[in-house]
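One structure is given below, represented as structure tokens, and several questions about it will come after.
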Amino acid sequence: MNYALLVQGAPYSQQAAHSALRFAHALIARGHTLGTIFFYHDGVYNASRLATPPQDEPHLVEAWRRLHEDHGTSLLVCIAAALRRGIIDEREARRHGKAGYAVESPFELTGLGQLLDVHSNHDRLVTFSP
Amino acid sequence: MSDTTDNSMLVVLRHAPHGSSWLREGLDVALVGAALGKKVHLLFLGDGVLALATGQQHGPLGQKGTHPTLDMLEMYDIDMILVDGKALTQRGLTADDLQLPVSLIDDATLPEIFARHSSIYNF
Amino acid sequence: MLLHILNRSPASSRVPLDTLRAMGDNDWLLLIEDGVYGAVGPLADEFTSIQGRVFALKEDLVSRGLENRHDATIELVDMDGFVALTEQATQTVSWY
Amino acid sequence: MLLHILNRSPASSRVPLDTLRAMGDNDWLLLIEDGVYGAVGPLADEFTSIQGRVFALKEDLVSRGLENRHDATIELVDMDGFVALTEQATQTVSWY
Amino acid sequence: MSDTTDNSMLVVLRHAPHGSSWLREGLDVALVGAALGKKVHLLFLGDGVLALATGQQHGPLGQKGTHPTLDMLEMYDIDMILVDGKALTQRGLTADDLQLPVSLIDDATLPEIFARHSSIYNF
Amino acid sequence: MNYALLVQGAPYSQQAAHSALRFAHALIARGHTLGTIFFYHDGVYNASRLATPPQDEPHLVEAWRRLHEDHGTSLLVCIAAALRRGIIDEREARRHGKAGYAVESPFELTGLGQLLDVHSNHDRLVTFSP
């Protein structure tokens, strides 16, 4: 089956993102496809390239990126939820006159409508929330 | 309640206004769905029923509330608004205290609502 | 006197129960944010054991459309009154 | 069959009550994260009405030191079993 | 329980391990206080009592739990560990199920504990 | 009196930061001093200069900065809570080889011990949490 995940929890405050990552690995190990992860609400904080966790703790941003590299999983970030939280990419930084940015490929800022398309285009959508 | 189509989406709203962004973000999913031409049903459950209380205002810092969004639902053809009757009672409210005409749902009906929607968003 | 500040509704959370357990006979309770739902209707019964020592933040009731629905035993304070309560208390304890 | 996924403990949250109200007679419930506390001791009584249709995520019980304390009526699944449950369900609903 | 000094700090821990970072961040405040030479008392309340359950482990992704921190408390001279007896019972636990020797607190004592500490951190 | 606030909620997800800001203005209006705001847990997200809220909503990061400018309030951010959440300043970005940063003056990354000093040095500490 082709799975999608909806992640709504910040990476180091609640367990949601950790659960999502474990579920991602497990579904791939069972032979399924993980087509897309959609980040919404505080889940958008998972997309920050500036995250600097202690070396002896899991690096979630890296782990999401590796899912994309190893399995082609799309990493979609709701742009409306992200902007207000300071999770902007280079293009939005330019547009809003910000001196830096936090999001880079393979994470993509995208409209909320994409979440509905993802739900339609995948066999399963599983939500992990704080 | 007579609509038994399978391809409508159900957005469940379980959070009160102002205290968090969950209600707004859930409503945004509903509006986007409607804008994309999907048939959207709303279910206000638990604290979510508080979203419908009349007389809400902007926050003191000018934070937009969610009550103006509710007034826009009709424009988006979102007209099935299901409300958890037990949650209303627990909070001392009746259907007369609400900003919109709604369909009150009892406990027996709740599982049916979840069962008959092919896509559920639970906020 | 400790001022306890509670932002959870008794309808959805059990935190208010622990707040009440921690309160001494002279302590005060201020309901803010979603906590103000506890000032309305049957939910206000949760606080009868500390009647006369319960306040609710007016701004948060107003934005929720509940200014005229709060229980008569619960006193409203505005933000200025909130500050005044913290002046009188030796310390504040926030429950969330 | 819907698979309901719950990450709140009945000891601190009222969300589990709404989850139970929403469940149909054929639906299943999976406890994850802090939800697994509901699989232990007196808290498991919360779920007697849906006995036989309640699962708890083993990894989350293990990390909390509760693997051997869960109620006998609640079946443990590992992460692979979690995925299997989502295969069988037509849809999942997460409660938080 | 015989310590009635006013200048000790009380750190109240109300969150379970693993589910959120609150417990870890609360414990960090306690350790920092002790490292700065303050007398620190801990109160495990509500879900916080679950922090003391024996047999906890790292998370499956290698997330550090909080149980190794509890073993360090003695080194930091944090030896007053108060535990909400009612919360333990509600969760099917007894003092024997805990990782550390603790003082069980009943409902009558709880307000006194809050009253006699001049600085309280509630996590 | 000299007040300090402890802010533990992210700016656009929960009401905590909004409540803290209103309380800050109210205590100043009553003639008190607001010496310090300490950001901990998800409160550290309030320090991101990249936050781009819609123009018709309050800009909390700006509002904190203005409190510092108008009233000299120190804006302290717990460094351990901040780093893992991607809330890093230029110095930490250099140290960890990150290509950008999110925190700038008047926000200061600082140790958690400062929170205890703040509690000792101020007459009141009021906490706003999610």
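Just so it is clear, A, B, C, D, E and F label the chains in written order, and each chain counts residues from 1 on its own.
Everything below uses one rule, namely that contacts are C-beta pairs under 8 Å (C-beta built on N, C-alpha and C of every residue); 3 or more make two chains touch, one makes a residue touch a chain.
Composition by chain, UniProt nomenclature: A, F = Sulfurtransferase complex subunit TusD; B, E = Sulfurtransferase complex subunit TusC; C, D = Sulfurtransferase complex subunit TusB.
Worth saying up front: this structure is predicted, and the values here are computed from it rather than measured.
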Contact-graph distance - origin subunit D, target subunit F: 2
Smallest count of steps, each to a touching chain, taking subunit A to subunit E: 1
A-D or C-E - the one linked by more C-beta pairs in contact: A-D
Chain whose average C-alpha position is farthest from subunit C's own: A
Interface numbering overlap (same over half, different under half) for subunit A and subunit F: same
Euclidean distance of C-alpha centroids - subunit A vs subunit F, Å: 26
Intercentroid distance (Cα basis), subunit D paired with subunit C, Å: 33
Subunit B and subunit C, separation of their C-alpha mean positions in angstrom: 27
Geometric centre distance via CA averages, subunit C-subunit A, whole Å: 38
For subunit B, residues that touch 2 or more chains besides their own: 18-21, 46, 59-60, 63, 119, 122
Residue list for subunit A, restricted to those that touch at least two other chains: 12-13, 15, 22, 41, 57, 125, 127, 130
Subunit C: positions in contact with at least two other chains: 7, 11-12, 14-15, 33-34, 59, 79, 91, 94
Complete list of chain pairs which touch one another: A-B, A-D, A-E, A-F, B-C, B-D, B-F, C-D, C-E, C-F, D-E, E-F
Subunit D-facing residues of subunit B, complex: 14, 45-46, 86, 107, 110-112, 114-115, 118-120, 122
Complex contacts: residues of subunit F adjacent to subunit B: 12-15, 18, 21-22, 56-58, 130
Interfacial residue positions of subunit C with respect to subunit D in the complex: 11-15
Subunit B to subunit C touching residues, read off their complex: 16-20, 46-47, 50, 53-60, 63, 65, 67, 87, 90-93
Contact footprint of subunit E on subunit D as seen in their complex: 7, 9, 11-12, 33-34, 37, 40-43, 59-60, 62-69, 79
